[in-house]
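I've put the structures underneath this note.
Two complexes, one shared chain (chain A), two partners (chain B, chain C).
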Partner chain A sequence: MATAKMKFRRGMDFRRAILPYLYLVPAFAVMSVITFYPLIYQVIISFTDFQTKDLRFGLASPELNFIGFKNYTDILTGGLPVQNFNFTRVLVYNFWWAITNVMVHVPAGVLIAVLLNTPGLWFKKVYRAIYILPVVIPPLVVAVVWQNIFHETNGAMNQFLTTVSQWFGATDPVRIRWLTEYTPPIPWLLPTGPLTLAYYAMMIANFWLGWPFMTVVATGALQSIPKDLYEAASIDGASGPQQFWNITVPLLRPAMIPAAVYGFITSFNLFAFVFFMTNGGPARSTEILVTFAYDLVRNLRLYGAAAAFSVFIFIVALIVFLVTNKITRATESYT
Partner chain B sequence: MASVTFRNVYKRFGDVIAVNNLNIAVDDKEFLVLVGPSGCGKTTALRCLAGLEEISDGEILIGDRVVNDVAPKDRDIAMVFQSYALYPHLSVYDNMAFGLKLRKVPKDEIKRRVNEAADILGIRDLLDRKPRQLSGGQRQRVAVGRAIVREPKVFLFDEPLSNLDAKLRVAMRAEISKLHQRLKTTFIYVTHDQIEAMTMATRIAVINKGVLQQLDTPQNLYDRPNNLFVAGFIGSPAMNFFPGRLRKDGDKLLVDTGDFSVAIPAKYAKPYESHVGKEIIFGIRPENIHDSEFIPPNVDVEKVAVKVDVTELMGNEIFLYLVSGKNTFVARVDPRSKLRLGQQAQVAFDMDSIHIFDAATEEAIR
Partner chain C sequence: MTTATQNKNIIARILNINTSGEKGGRDLPLWRQLLLQILTIAIALEVMFPIMYIITLSFSSKTTRPSALELIPKEFSLVAYQQVMDRPTANPVTFTQLLTNSFFLSFGVGLVALLVAVSAAYAFSRFKFALRQVLMVLLFIPLLMPAVGLSAPLYLLLNQFRLFDCGNGITALEPIFSCAEGVTGKLVFNLRDSLWGVGIAMVASALPFAVWNLKGYLDTIPLDLEEAAAIDGADSNQIFFRIVLPLAVPQLAVTFFLGFIGHWQEFALSWLFLTKPENYTLAMTLYNMTGQYANAIPWNRFAAMAIIVALPVAITYIALQKYITSGLTTGAVKG
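== the complex of A and B ==
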């Protein structure tokens, strides 16, 4: 009797234990097809010389050769059939691109949020509706629009600068080759490679794309800071700027650091924007890892090398994730 | 150290008049308590004094200086908020040191003052903690500590004890009183709890609907309330009120409530003569109604027939809820009283401690 009861209980336990996994099965099935399978497939072909001719039979292709780590060493030592290719340069530029973007977007987003949070400001809701706009416009559209703005002869930027320079007596139209000039304006800025004008143009364009998200996050966080902290600080003798630095900034930090991490990763892999605005040019100076990997497939048909490249990106992303995870945990909320 | 003066102060929020023609002169080193029901404008008055709200009209003075246009930080005040408003990202030490650092007080002086305040408040061991690691009572101490280290001329407290449990509240009440004696500074303290007000204040300002009702010592407020509101607000359980009329019977002056009449002793009758025949409200505190078997010596009493509705035994005293006709009222009687539920009995009103208010104006008749 007792044993029967126990068996029954054990059966219950087993069923209870397996239930969550049953719930997970559908999601897992979908993910297996669209995530895990390509992922594993890609890791496998990164050890081969996979090319267009192998597409038909895939891994069963008779002409497919396993070449070990050759793709990886080629990437690291510049052995790819790409002119002036230097993996470190692309990697460093990619990090630089992501970090500088975040370093601009976060402070700007916070500043704008603080300004828009001014009590008694008119039309607050209208501004909030407007600045959410860039968040919902596809990066492709943004990239194309800004590409036109920075066009050498017809772009709005040069026309604007022409008008301004005419006020100061200049007669020649401004013809800055924003997206095509290769000589870097500040040569020493990034020693591993040139930071061309295109980089600055993209910073401006991506700023337009990036700050609203930070402002949204900062606005939410601002409203959760109790008002009486500012009142206590004002009695304690803190001026407006002192209140900003001593209360607003530290109390925004728990919200802004995860947002900055998100912004970093987004910028780091901002494929569509880079691809459509400069396509990595001029002379691959604004190429980031994802656009480069894509280029290996599209132009050179080097599937194997591109796959190895993606594995590198994956490793970099993993490291970034682990590091930022540490950071975010270290800045958990104060309350 | 400074006096504080409210001179015809108004504060309006749109149509709401939160503070209505407030006139208070707080003496140097006084412990003034602003008390009143929720929403009566106590906090608003305090915030006006702190400079957190601009006043709509009138003048506020700290010392002899009009501070209407002086920024909060230059008013030389410190405030303890109801929510404590501790900086969550700073340690207890830094919370207390914050104001001093901003004022560029030398480091070792800051250290000396913070440690001294921490010793007074018994929070020396907590200096390295963050506010979230403290209990409510400890946070409250830190908030007080932050005020102390500034060595301000005036301390402002906005219901600092309302987030504490009953026992801790009683303990902190005593500590704040002690602090006042020790610091010898002006304290202005807001509460809606009349017991807090009675136990701590040197003077109490009772406010209702933004209007100052009475400003007096606790004892005077209790013994000689100016009007019906103050009489009902101060004291617990509250004073009993009986609507009625003043009637002359021969040369005796009677309070006639319709259900019973009591005679006003001749020695007190004079001020009431003018109200004979008029509607009045008769007030008497629960402790001035006695079981007729336990009447204290040397009091003028009038007997009233009642029925005992409810009894609450408190150990050291008994609360009787009594009914006389349409009136129900409370008596706080001697613990030896044998009056019990449902009994018909006679109770004795102590006629030396009665209050009579004009029914129309609700002002005390004196």
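== the complex of A and C ==
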């Protein structure tokens, strides 16, 4: 293999040296126009007080003022004309949201995959077919459906809890204000800001959405673990839990770490879901970075501040990318 | 192997309960089998709960939500579906128009992203060159910063391309030409407020994902064939077009469909950019039904619309399930 590779590369001349760049031209030409140029434009307007009245002329607008780092300091110190906004809180919450989700989805996904992998279990295929359903439904629909499930008077969740409580003799219908109640149930949990009931409701809904993907990945990895490993272990007298911790878990790790990273990034930027389910509320307690950036553009039309905010997102994304890239080595060359 | 049959139609799988090919309960004591069955059924109920809720709603002929929990349709009325098809929004826009818009956007974005991405993915997978790592990080950053993060500058940039009718048969294309001094032209076309503009903005996020997804797959194609071809005197372009592309066809299809279904449900950019009802997409319509007028939501129509939006995505995903999940994981798993 190695010698063949050497032969393959030996004919490296000038033409071959520029070839990879030629292959990159289409992608980078398109991205220069629709990604890199807007990014630079973004940095420029982040130093201005760009508003709706400047839309007509863009950067040539006569009313446009360069205000230095004011947008940036406003964001960090909460000086934006926006209610209930605290940058640190949104940032910490965003990481907390993504991490807690992955921490629940991955173990649940693995356990359910192991359960489904039990030899001799009846109706395996039926369960596999049902369990994939959350993955195939668009998050947009999922979020809107769950928003209605958590509705105060008519939502399925309160109706369900009412039914259950009636079995225990309660007569009053359950009226939990899942998505609007501001008082946090566990006040000490995230010191930078309250975790409202809406957070837990979203965790439940996103749990429903998140674990099946992990089960799919774990099932694929489980089926590639050689059966003889388990046979050898049981001959040596290893118990079921011992086999799980010493064979299954270590051999699943190479597949589950990239899946967990993927899940982290997905949850971190789960725009449609958060936007539909709570729109960041109540009082911005479930706001993540992308939904806030969207709010700045769409509703508040503070383009300058939105641009500065997006520069912050860019920096956060870059750090997250470099860290996760170290873990998954996605950009490494194959050859 | 179960994966070989996984691609089968889901309905066929549900109907053929006993075709799993695995002997039920032979090496599993009955009490354990029953215990595990209770667990798996509980999980299946958890998965089906929201789905049954929305299906039941969609078959209802009343626009109000039931006051008690209903998870099995009591009536099979298609009134809601019919109403949604006849008159999806309060505006005079036909269902066909919305469907065409959604299709145009998602098909176009999926296709353009694929065509531009494929050669870049090849370059990153098969060549070693200076700046490789840097260029790859540049390309992948938008994966972590979704299009929403770039929405402010994209909005402003696209907003500058406008066609004006200046009267006297003169048409001016801003920002290159503008109407004569003192003449206020009539706005004919604004790139930002059109499906084309939204499509351009969407490609910005679809392209990096397509490169990532394709590169991961190309990495798994053994080099042997290419090496053999190189020894026989094929140049790099011949190898790319005659060997690598044909081998990558399944993944090209998957990448296209992921782009397609990803943007089928996209609503953030469209909602931000588009203002004319005739440009609305199905996803925007769904949001429109639940957004501002939350107290007057026609629940059965909303549920029917949710199912109409979800169904194409769900069917595509289930049909391509095996390829999609392996594509997503091979993108990161290796080395």
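Definition applied: the second predicted complex is superposed on the first by the 314 of 335 C-alpha atoms of A that agree within 3 Å, B and C clash if a C-alpha of one lies under 4 Å from a C-alpha of the other, contacts with A are read in each partner's own complex, and residues count from 1 in each chain.
Just so we're on the same page, a contact is a pair of C-beta atoms (placed from the backbone, for glycine too) under 8 Å apart; a residue touches a chain by one contact, two chains touch by 3 or more.
Treat the numbers as computed from the prediction; the structure is a model and nothing was measured.
Chain B and chain C, once both complexes are superposed via chain A, fit side by side. When the two complexes are overlaid on their common chain A, residue A:L115 makes contact with chain C while staying clear of chain B. Residue contacts after overlaying the shared chain place A:A218 against neither chain B nor chain C.
In the superposition on chain A, contact is made by A:A272 with chain C only, not with chain B. Legend: residue contacts after superposition of the two complexes on their common chain; A:I288 is shown touching neither chain B nor chain C. For the combined model, the angle formed at the CA centre of chain A by lines to the CA centres of chain B and chain C equals 90 degrees after rounding to the nearest 10. With both complexes superposed, C is the one of chain B and chain C in contact with more chain A residues.
In the superposition on chain A, A:A259 contacts chain C only, with no contact to chain B. Here the smallest spacing between CA atoms of chain B and those of chain C, following superposition, is 9 Å.
In the superposition on chain A, the residues of chain A contacted by chain B and by chain C overlap at 334-335. Those residues of chain C lying in contact with chain A across their complex are 1-3, 5-6, 10, 13-14, 17, 19-20, 22-28, 33, 36-37, 39-40, 43-44, 46-51, 53-54, 65-69, 115-117, 119-120, 122-129, 132-133, 135-146, 148-157, 159-160, 175, 200-201, 203-204, 207-208, 211-212, 216, 218-219, 223-224, 226-227, 230-231, 236, 240, 261, 264-265, 267-268, 271-272, 283, 286-287, 290, 299, 302, 306, 309-310, 313-314, 317-318, 321, 325-326, 328-329, 331-335. Residues 226, 228-229, 231-238, 242, 246-247, 250-251, 334-335 of chain A are the ones touching chain B in the complex. Within the complex, the chain B residues that touch chain A are 50-52, 71-73, 77-79, 81, 83, 85, 87-89, 98-99, 102-103, 130, 132, 146, 150. Contact residues of chain A toward chain C in the complex are 4-5, 7-8, 11, 16-17, 19-21, 23-24, 26-28, 30-31, 34-39, 41-42, 45, 50, 55, 58, 112, 115-116, 118-142, 144-149, 151, 154, 156, 159-160, 163, 208, 212-213, 216-217, 220, 223, 254-255, 258-259, 261-262, 265, 268-269, 271-272, 275-276, 290, 293-294, 296-298, 303, 306-307, 310, 313-314, 317-318, 320-322, 325, 328-335.
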